[in-house]
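The block underneath contains the structure these notes are about, expressed in C-alpha cells.
Per-chain residue numbering starts at 1, and chain names A, B, C and D are given in the order in which the chains are listed.
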Amino acid sequence: MKTIKPLREKKNTAILLIHCPDRQGILATVTEFLNQNKGNIIYLDQHVDRQEKIFYMRVEWELENFAIPQDKIGEYFDTLIGAPLQMYWRIYFSKSVPRMALFVSKMPHCLFDILGRYTAGEWDVDIPMIISNHETLKPVAERFGIPFYYFPINKDNKAEQEAAEIELLRKHKIDFVVLARYMQVLSEDFVQKFPNKIINIHHSFLPAFAGAKPYHAAHQRGVKIIGATSHYVTSELDAGPIIEQNVTRCSHVDTVENLVRKGRDLEKIVLSQAVYKHLQRKILVYKNRTVVFN
Amino acid sequence: MKTIKPLREKKNTAILLIHCPDRQGILATVTEFLNQNKGNIIYLDQHVDRQEKIFYMRVEWELENFAIPQDKIGEYFDTLIGAPLQMYWRIYFSKSVPRMALFVSKMPHCLFDILGRYTAGEWDVDIPMIISNHETLKPVAERFGIPFYYFPINKDNKAEQEAAEIELLRKHKIDFVVLARYMQVLSEDFVQKFPNKIINIHHSFLPAFAGAKPYHAAHQRGVKIIGATSHYVTSELDAGPIIEQNVTRCSHVDTVENLVRKGRDLEKIVLSQAVYKHLQRKILVYKNRTVVFN
Amino acid sequence: MKTIKPLREKKNTAILLIHCPDRQGILATVTEFLNQNKGNIIYLDQHVDRQEKIFYMRVEWELENFAIPQDKIGEYFDTLIGAPLQMYWRIYFSKSVPRMALFVSKMPHCLFDILGRYTAGEWDVDIPMIISNHETLKPVAERFGIPFYYFPINKDNKAEQEAAEIELLRKHKIDFVVLARYMQVLSEDFVQKFPNKIINIHHSFLPAFAGAKPYHAAHQRGVKIIGATSHYVTSELDAGPIIEQNVTRCSHVDTVENLVRKGRDLEKIVLSQAVYKHLQRKILVYKNRTVVFN
Amino acid sequence: MKTIKPLREKKNTAILLIHCPDRQGILATVTEFLNQNKGNIIYLDQHVDRQEKIFYMRVEWELENFAIPQDKIGEYFDTLIGAPLQMYWRIYFSKSVPRMALFVSKMPHCLFDILGRYTAGEWDVDIPMIISNHETLKPVAERFGIPFYYFPINKDNKAEQEAAEIELLRKHKIDFVVLARYMQVLSEDFVQKFPNKIINIHHSFLPAFAGAKPYHAAHQRGVKIIGATSHYVTSELDAGPIIEQNVTRCSHVDTVENLVRKGRDLEKIVLSQAVYKHLQRKILVYKNRTVVFN
C-alpha cells in the first residue's frame, strides 16, 4: 500500500547533533559559524549537564543559500569547530530518508501502529523489510506491501541466523532497527553492531519488572499503575538508555488479561513516539542516558 | 485481511443492563433471580446516583445450565422484575457479534487503529462497511477487505445522501456507527434514528473547544494540556454524553502542527477505548451522562 | 490550632468490610439482612477476584431506624451470616473518630499537608501525637497544637525506644500510624503489632527503586517518569500492599535536586490520598494486595 | 513560625528575561556579551515562535567575577544590546527576595499549601501580608506569624476597599499577588496596576467551565476528567495567560462533593507550581500566552 499522502512539504535542511565537554562560548561559536555562512537556523535547543560538565546541542538550518556545499559541511565543521572543541558530532540531512527494519514475533499491535503511520505519511522513513522469528504476521506484511523475511531461531541456529539477518540489514543499507514486540533476545554481538540503533519496547515501567512476563509480575505485586518503556538496546537486557515511557492506571478489578489489553495501547504509542524522536534526530545518548529534545 | 487469531475463547453469556428508580432490594432481587435459575454470575457492577435516585446495574452470567431458554429470558425478566420495578433494561448475548459501520473522511489514523485491532482479533465485532464523503481512504478499506461506500455530500444532496446511507445501514443490519474523524455533521434526523448508537471522536477536551479547528483554538488560548473526547452523538453538536476523555501535555514550543500530531495519538486511543466499552456493553446513558462500568 | 470548620455534616452510619470465599448469593444475603432490618444502604461496592475465588464487599447504611442495636450488630451479623459463610469481616461506625499517630523525621512536606487537611476539617480524624527520631519538626507540631514526642534512635537503643513508642501508642488508643517520611526502618516486631495499620510513603514508583536514595537511582537510570507509592508496612522493606501510586514526567533537564522537588508534591498527595481511603474504610487487604473501593 | 531551614545555599546570580523580534545572531550576541565580561552562565534556555517571529530567552549567570558592576548591568545591556535589538527585557538578581501578598477568602487548602512550603524553606520569598474579604482564615495567618488584613467587600465599598488594598501593597513594596482561592473579582483598575503580577487559580480546566461553580458544571456535563488552571489575571475574567494546568480522572461515581474534594488537591499543587515558576523568573508573557521555561 503506497502512502496516502505525505503530511507535509519536504524541508531541505541540515541537522547537527553535538555533545562535548562544556566550556564557555560553544553555543556562540556554533551559531556564529552558521550565521556567517548564511545558514538560516530553524531549530536550536541545547542542554548542559552541569554535574557531568557535558554540553549537548541540536541545531537545524536551511541548506538553501548556505555557503558551504552540502558534502563539505562535515569536513569544514570538524576542522573549524568539532575537533578543536573535542566534539562528538553527527550531521544529518532532511532530504536523506532513513531506512528502518522492523523485527516482530506474533503480536501485531505495534506492527499495525507503525505501518498505519507509515502508510498515512506521518513519518519520513523507508521500511524495506520486516524480519520475524515466526510466520504469523507475514499476511500483515504482504497487505502493506513490505518484504517479509522469516528467520526461525532456536539455540542451535541462533548465531547463524543472526549472521544472515545482519547480512540482510547490511545489504539493504538499514540505518536502524525497531523491535516491535520481538520476543527473542538479540545476542551481544548483534547488539554491538548497531549501537544506539536498535529501539525496543518493553511492556513495563522500567526498571520495574524487567525480563519476562511483566504484566503477571505487576498483577502479583498489586501496583496501581502500569507502564511501557522504549529504549535503545544494549548488551544488558532491558537496561539500555530510556527514550520514552508512559503509564496508565489500573486497580484491583484488573486481571492479568486486562493489564495486557491496557498495556497494548501504551506499548504501541510509546514505541512510535520513540521512533518519531529518533527519526527527527532529536536523541543524544551519553553514559546510558538520553537527552531527548522537544 | 482475515483476523489473525481471536485473542480469547468465546464466552457464552448473557448481559443485562438496567436503570430504574432506586429503591431497597433491587440488587438482591436481580441476583436472586439469576441464582435461583442457576445462572453463574461472572460480572456484577452497580451504581446508585443518589442525587437523581437512579439505580444502574450491569450483570453478566453464563448461559450454560441457566434454567430459562435464551429466547425467553427477556420475557421472563420483564414480567417478573423489569416491569414491576419500572426498569429500562436491555439484554445482550455474547455469542451475537455486533455489526459496526465506520464513517471516515480523509484522515486515516483512527481508521488504521480500528482496522488494526479488528484484524488482530482484539475486538469481537463485524465491520461490514466503511462509508465516506471522500474517496481518499478507499485504498485502505480495500487492503483490509472491507466494502467502501462513497457518498459525496454537499448542501443540495445531503438529505438524499443521508437517506441512502441510512438505507444501507438498515439493509446490512448495522447495530452502531463509529465516526472515525468523519468531518461532516450528521443531520438531526440521522442522529435520532440511532440514539446512543453513534460514537464520535472530537479532537479537544470537551466542553473546551467544541466545533471546528480545536487545535488552532487551543494554540491561540495557550493551554498547557490538550485532549480528545469520545461521545455519543446527539442533535446538539459536540454536546452528547461523554464516554471517554484523555489528555497530554503541551507547551509553548508546540506549534499548531505539533498539537495536531500529538492529538492524533490521543484521538485514536480514546475513540478505540470508547468503542471497546460499547462493544462490552458497559455503557449506560441517562440524562446526557454516561455510566461506564469497569 | 482548632479545625476551622468541619467540611460536612456528620453521618450516623455503619460500615461493613467483608472478604470470604466466593459463592452464589453472598451479595443478596447481605443486602437482604440490611433491608429486612430497615438499614438504608447509602454505599455498596463489591468485587470478586475470580482467580483466587474471593468475594470482597463494602456496604454502608444509616443507623437511624436500623432494627438491631448498634452494639449488637456485630454479634447478629456474625451468627447469621459471617460465621456460616466463613467471612473475614470488620464493622466500623462513622460516629467513632479514628485516632492516628504521625511519625516524622526531618522533612516537613507530608506533615504540613496532613496537618493542613486536619486543621481545615477535610478529614474526620484525631491526631493525638507526633512521634519523631529528630527534634527538627517540633516547632511545627507546637504551632498546630499537637503533642510532640522525641525518640532518638540508634543501634543500641532501638528495641527499647520502639517499646516505649508502642507503649505510648497503646496508652493513647491509637488506631493507626502514618509514616510521613519517617526515615527509620521499623523493626519486624513493631510492624507485626500493627498489621495493615501502618501507612508509609515511599518516594519512588515501587517496585522500582525500593530502599534508600530512590531519586538518585532514578536520575542515574535516566527514567522519564518518577513516582511515589503509599503502602501498608510489612516486615519486608518497601514490599507491603500498595494503596496508591502517582507519577509525574521528568526529563534530561532534571537534576537530582529537581527530582526531589517534584517528588515532594507527589509524595504528599499520594500519602494523603491513601490516608483518606483508610479513614473512609475503603481498603481491604488480601495476599499482599489491596482492594481499594471508589 | 520561622522557616525551618533554607533548602539550599543562596546563589548570587543575575537573570535576564528577553523577548524581541527574531533575527539571526541574537543568541550569539547575548552569550558573547556575558562571556566577554566573565559571566559564568549556569542556565540558558531560548525559544523562537516562528509564526509570530519572536525570540524568547532566559539566561542566568554568576555575578562573582562579572566585569560589570551589578547596578550598571541593566544600563550597559540596554545600551549595547537591548535597545539596538528592540528587546523587551527584565533583569533580576537572585539575592533580591521577591515580596508576595496572599489574597484568600474562606477556603484554606491553597493557603496551607503555600504557607507550608514557605515555612519549610521550599521557596525563596517573603510574605509580608495576607489579605482577605473574610475573617475565617485569620487564625491560620496568626499561627504562621503573618499579618492578616481584613477588607470586607460589597458593592458599595469595593472601589474604596481596593484603593486601600493597593495602598497597602505599595507601602509594603509587594512585587506580586497570589489569589489563593480569593472569591472576589478584582476590578479592572486593580488588575491593570499589576500586569502579569497577579496569579490566580481557577478550579477548572480552562477554557472549559470559566466563571462560577465549575465543579457543578463539570458534573452536569458528565466529563471524565477534571482540572485546575493557574493564570495571570487580566481584565477579562478567567481569560488571562495560562501558566500551568493539571487534571485528574473522575467518573460516574463522583458526586459534586467528590469533585470538589479531588479538585482541592489539583488546585493547590497547580497554584504552587505556577508561583514557583514565577519566583524562578521562568515565565515570559506575549500576546496572552506564556513561555514557561523548564
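By our rule, a residue touches a chain if its C-beta (ideal position, glycine included) is under 8 Å from a C-beta of that chain, and two chains touch if they have at least 3 such contacts.
Chain labels with UniProt names: A, B, C, D = Formyltetrahydrofolate deformylase.
Note that the structure is predicted; figures quoted are calculated from it, not measured.
**Q** Taking a step as a move to a touching chain, how many steps at least join chain A to chain C?
**A** 1
**Q** Note the rotational component of the Cα superposition from chain C to chain D, reported as an angle of 0 to 180 degrees in steps of 5.
**A** 180
**Q** Relative to chain B, which chain has the most distant C-alpha mean position?
**A** Max centre-to-centre separation from chain B belongs to D.
**Q** Validating interface symmetry: for the copies chain B and chain D, is the fraction of residue numbers used by both over half? Same or different.
**A** same
**Q** Could you state the distance in Å from the CA-based centre of chain A to that of chain B?
**A** 35
**Q** Give, as an integer number of Å, the spacing between the C-alpha centres of chain D and chain B.
**A** 42
**Q** Mind pulling the chain D residues that touch 2 or more other chains?
**A** 50, 251, 253
**Q** Going by the contact rule set out above, which residues of chain A touch chain B in the complex?
**A** Touch list, chain A to chain B: 1-2, 4-5, 8, 108-109, 112-113, 115-117, 119-120, 122, 136-137, 139-140, 143-144, 251, 253, 257, 261, 264-265, 269, 272-273, 294.
**Q** What residues on chain A touch chain D, complex-wise?
**A** Listed in rising order, the residues of chain A that touch chain D are 24-25, 27-28, 31-32, 35, 40-42, 44, 46, 48, 50, 249.
**Q** Which stretch or stretches of chain B touch chain D in the complex?
**A** The contact residues of chain B facing chain D are 47, 49-51, 56, 205-209, 221-225, 227, 241-247, 251-253, 255, 288-292.
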